[in-house]
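Letters A, B, C and D mark the chains in the order given here, with residues in each chain numbered from 1 onward.
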Amino acid sequence: MAGNSFGQAFRITTAGESHGPGNVVIVDGVPAGIPLTVDDLLIDLNRRRPGQSHITTQRDEADLPEILAGVFEGQTTGTSIAILIRNTDQRSKDYGNIQDVYRPGHADFTLDAKYGFRDYRGGGRSSARETTARVAAGAIAKKLLAHALGAQVIGYVHQVGSIVAEVPHPESVTLQQVEYLADGTPNIIRCPDEATGSRMIALIEEVRKQQDSIGGAATIVATGIPAGLGEPVFDKLKADLAKALFSLPAVLGVEYGIGFGCATMRGSANNDYFVPKDSFDASTSAIPAIDNITTQTNRHGGMLGGISSGQAIILRAAVKPTSSLPLEQPTVTRAGEATTIRTKGRHDPCLLPRFIPMAEAMVAIVLADHWLRWCGQKNWKSAT
Amino acid sequence: MAGNSFGQAFRITTAGESHGPGNVVIVDGVPAGIPLTVDDLLIDLNRRRPGQSHITTQRDEADLPEILAGVFEGQTTGTSIAILIRNTDQRSKDYGNIQDVYRPGHADFTLDAKYGFRDYRGGGRSSARETTARVAAGAIAKKLLAHALGAQVIGYVHQVGSIVAEVPHPESVTLQQVEYLADGTPNIIRCPDEATGSRMIALIEEVRKQQDSIGGAATIVATGIPAGLGEPVFDKLKADLAKALFSLPAVLGVEYGIGFGCATMRGSANNDYFVPKDSFDASTSAIPAIDNITTQTNRHGGMLGGISSGQAIILRAAVKPTSSLPLEQPTVTRAGEATTIRTKGRHDPCLLPRFIPMAEAMVAIVLADHWLRWCGQKNWKSAT
Amino acid sequence: MAGNSFGQAFRITTAGESHGPGNVVIVDGVPAGIPLTVDDLLIDLNRRRPGQSHITTQRDEADLPEILAGVFEGQTTGTSIAILIRNTDQRSKDYGNIQDVYRPGHADFTLDAKYGFRDYRGGGRSSARETTARVAAGAIAKKLLAHALGAQVIGYVHQVGSIVAEVPHPESVTLQQVEYLADGTPNIIRCPDEATGSRMIALIEEVRKQQDSIGGAATIVATGIPAGLGEPVFDKLKADLAKALFSLPAVLGVEYGIGFGCATMRGSANNDYFVPKDSFDASTSAIPAIDNITTQTNRHGGMLGGISSGQAIILRAAVKPTSSLPLEQPTVTRAGEATTIRTKGRHDPCLLPRFIPMAEAMVAIVLADHWLRWCGQKNWKSAT
Amino acid sequence: MAGNSFGQAFRITTAGESHGPGNVVIVDGVPAGIPLTVDDLLIDLNRRRPGQSHITTQRDEADLPEILAGVFEGQTTGTSIAILIRNTDQRSKDYGNIQDVYRPGHADFTLDAKYGFRDYRGGGRSSARETTARVAAGAIAKKLLAHALGAQVIGYVHQVGSIVAEVPHPESVTLQQVEYLADGTPNIIRCPDEATGSRMIALIEEVRKQQDSIGGAATIVATGIPAGLGEPVFDKLKADLAKALFSLPAVLGVEYGIGFGCATMRGSANNDYFVPKDSFDASTSAIPAIDNITTQTNRHGGMLGGISSGQAIILRAAVKPTSSLPLEQPTVTRAGEATTIRTKGRHDPCLLPRFIPMAEAMVAIVLADHWLRWCGQKNWKSAT
């Protein structure tokens, strides 16, 4: 009821604030027998962590996870998994000055209205720091999807300010392309279109010099997901994915497939037509037809009627510019008096590079959840 | 788990197909003592029903609801409310020819992949007919919000094709404007900008003559919602609202506030600054400050950190063009053989006018749910 | 949150009062392709219905169910199933006199305290009439268990007053024995020990003549349930079964296996020892060992650590004497004034015979739920 | 779905095994502003902990909780609370010999059937060690109940073997009586009837010398709970309390009020009659009548129709004798071969003394949950 859990068959529950002892996640519903180590968690935690490049916040946190339960001899046991990521760089003094001030664009005011009580340490529970717990859980979801389906979830930066990447085949983008440039150095912007990516980096640097921040958009692609995931009414796959992405801080819009572009489309131009797969030979094949049907195009973003179609699932999320700014901004105190606030430079000038692993985690969690739900519905007969 | 329920404190569960006996909704969590009659439900069911104007489908269904439980002597009892809306115009023969064919853009293929079993009667459970149940439940949610808060949820058509309405003050649009033109005749397009609305109607008529369909976008506004609704992590108000809208058929995108426009914004230009309300006189007021603080602007669409700010909540949804077309479209049979399909003219050439009450219903349900959740959290002390 | 749903993977949601238009149940999570007709529902609804024999209430209700959704061409579709059972014999005049009086032993007073609002028509939502919805849902659960596992859930009357049946092998009792005597006439008391059953009937008749009522206990047995159902912590199978039985009206106690008798036992005498199954030949068998292990005895009632062991699941529930009595009883009015009340003879003098199908339904629902949950956990790998 | 969460408005989620790094609980739904420190948790953790007296296990674990999130400056923040209790005395070598053996009476076999994977370290997730997490959460629930209602939950040992305590007024038993004898020394058996308690202790000592164990029963009483908690159908208060108690290890039976004794009762003798409270003077009182009505007797155990009546809530749970025995017991290996097992003396000869805080915790959690649910339903109007 207080919204600290997400998912049903694969269910995560989190706790933790930006400046408390640490962040915790309990993952419930992971089947037994999946290999899992701290190293699996570290891959994405490192992609999310502050201080990873000169275009992210310079705060430095190691974000070392400890598996407290649910793993035995390197495998999941089928029981609930608990992971703790301690906060190391708490520096709560940095936040002392905001104790009685509502930061513009932040949840300070709305949380105060909600609880009548304020944890003013850097946003408390509403800090993006809570996403460490999600990223750790997402790593488990990715592991499950890879193990069960060979599926993958990969995100990349699509837009920063008015600079938009050209990625003609989102379904073909690789993790290698997102993380590394062609020359093997880190792709700190996480945009697979390298030329555009370097312009994005230049823009972020310019914005930072101006003590400002800039928005953007990310694309997240899931491949290897079979047709049939999602429920026909409220728990449509598109609905759960949208909730997952909107639950992340700073997301103001989500679309899939052609998204908002559909408003100007005619039905005859928008529908993706069903065709037999190239590999299908109806004259000789004994394989059930459904596995041999696909759509010619993928304007539908891999979901029809809210259920996966077997095509790549392609989502986009709009991310607002960081609200905390080194620039001085007007605001009011808790008492309603006018004042100003400025944040001393340890914030991301653009959220997008670190947003990628968070978005991937949430998408992976939804897909793992619906995969397990579908297995229960589909395989009820053969189970003994 | 099979996704036929939505909400927590205000929770709806539905059943029903397009061509079965009827659609049913059970609403759980409505407090006792709220006046409720069949007439309250009919207002929105009539706004949603087919055959309401020449720009909607010409199918004709009366959509008369029967309250089966939960209301006694004109008031809610506090127990679960059940409503049945029988299907009257079933004409299943219309659908006989699609029994073995996957309609482009529909869920036929994905449902078959999911269940290995197909209810081919007009989409079965995935038909937009199931939204009758949601609209009935939404009418109860609206009643509760009005009763408890004087709050309102009003939607309107923002865009059809490339034609975009000019509505400078979405928070001031009235139900009267959405339903009636200045001359008192019905506003069949549900766009409060009358001049643009008549161009939208002309476009829809043109598209229909071409046996085609057209997409669009809707705006939904909630006013009178106090600050503090929503949870800080997964059940952010924006996340639950997005899930609600994405759970409706044909929605491909959702945004709030400046939405996707945030990608090109700088933080200094995007943040809405906190200010005392105009009515506030700090020197004399004993009223707690929080009720006297607001934001100067509302680019944030009424939610900060996923929690309501007291400003109008403003959402936008992109709706794809109707997939069913009188035009002949290529597709395949269940056996994988190429064929064509055309739909005999009883579908909406543009979904938007009838989408409005559906979208309002889902927004109202989320707000009623979060309102009741908040009451439980907030009023736990004084309750005896 | 208002408690009108039960279960997770197999989930029922109900609405309905004793004297409203009818009772409704939505069953969510039933897999596609299970044969289901109204006749399947009628078997247990007839066993539950009033007026079935001279030792039950003489109210007469046909209890004819209508399937409103979720079944197509005689099979479940995988989507939510809705069933409506209209109330026919409402006679609300019978209840007019209790409008301002709290009936002893009933929920009148506690519901008034809860809602500040009273549906005084025969108990409203707290009437045992709501169990029609459960029995209909239970019939579907039984169908699923039989279809998937060949499993059965059978209950019988174990005790009425001080008269206790002798049933040495509860796991061998058949539905035929519960419903019919050896001579083929109906077994109206539903006790498989015929001699004791006729003494129970005599006691009930005597009690009725005295305008009184009598309590008792029921045994419910599930056979054919494999080892492995239930979760290790909160959703232990024993816990969900107990909640299910305690959620029925008039149940004051539940135990399984040796139950309260365990208090006087020593561990050495209480433990059931594991042994190879009689049929197992370790030298030749390639079958995995776990399917070939059982316990020598079944004092544990088919559950160890809250998880099914493969042995028969054996539960017992204590049912209080009917609270409504033809005898005059003292009570107070809503205003707190002393008064008396008597009920005019249309109540069961002993609840047990009609309790059996209700208890079976709830046990079947829990088992179907845990079966589907287990399938999701167990069969996640092979599912494509 | 995997059953590691419990409750709705007050919701706990746990993880942890007997021999892993530790046990974790996340408590979701605690309102903001309730004072909470580690000391509050220690009271009950110390009552639960091993090694507390010579009649409990001699394992010694300090069970020091760490609050990882959700508390700021000594008060709850309204966000999720996480607590970690590390395992200190893991000694997994003690369990090495049971790796391939199914211990009689334990969940070893059923977990293996469930997961196809075994965490053989002392029962893993099914060990009673997981109740540390529940007891910590229960301490928070007690705090909330005391803070909001002045309510209390107190349990005591009612029976050990055939020795039954005489406690004529369960609703008057104090925590002092349960924890201390009249002479101020610890009441290690937790029975408020001192004379009977010392006979219980003697029996436990005798049983231990015989390398055996003994069962018993506990009574749990909640006072100060107002009328109106619980839902009328599935989430009856009695149903949720029963689930809570049955979810504890070793519980084979639960009853409330007269419980199984109801089977032999007549309605006329069983009903508790409503009367005005002694303090009520109808001629002068303007207080609403409902607060001035009670029942003359409390055979109904404080719940009518599954909803609290304002009387003391009185429950009883039967607890089986410890399954682990120093005595040699026959069993089989995972391969199905006959073997024997004996446990080396670090188990409780009788579970009852340490069961008390566990049972209190679960009862308090259910009551806190229903209290918060009720507040949401009741106070929806006045909340702004």
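The working rule: contacts are C-beta pairs under 8 Å (C-beta built on N, C-alpha and C of every residue); 3 or more make two chains touch, one makes a residue touch a chain.
All figures in this text were calculated on a predicted structure; none of them were measured in a lab.
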item	value
Required steps from chain B to chain D (each step between touching chains, minimum)	1
Taking each chain's C-alpha mean as its centre, the one farthest from chain B	D
B-C or A-B - the one linked by more C-beta pairs in contact	A-B
Computed distance of Cα centres, chain C from chain A, in Å	45
Distance from chain B to chain A - Cα centre to Cα centre, in angstrom	26
Averaged-CA centre spacing for the pair chain C and chain B, given as whole angstrom	39
Two or more partner chains touched - positions in chain A	1-5, 8-9, 14, 29, 32, 78-80, 114, 116, 125, 226, 232-233, 372-374, 376-378
Chain D-facing residues of chain C, complex	1-6, 8-9, 14, 102, 104-107, 109-114, 116, 123, 125-126, 130, 159-162, 207, 210, 212-217, 226-236, 238-247, 249, 251-268, 270-276, 280, 282, 289-290, 292-293, 300-301, 303-310, 318-325, 327, 329-332, 334-338, 373-374, 376-378
Chain D-touching residues of chain B, taken from the complex the two chains share	1, 8-9, 29, 31-32, 78-80, 144, 148-149, 226, 232-233, 371-384
Footprint of chain C on chain B - complex, ascending	1-5, 8-9, 11, 13-17, 20-24, 26, 28-29, 32-33, 66-70, 72, 75, 77-82, 84, 114-117, 119, 121, 124-125, 372
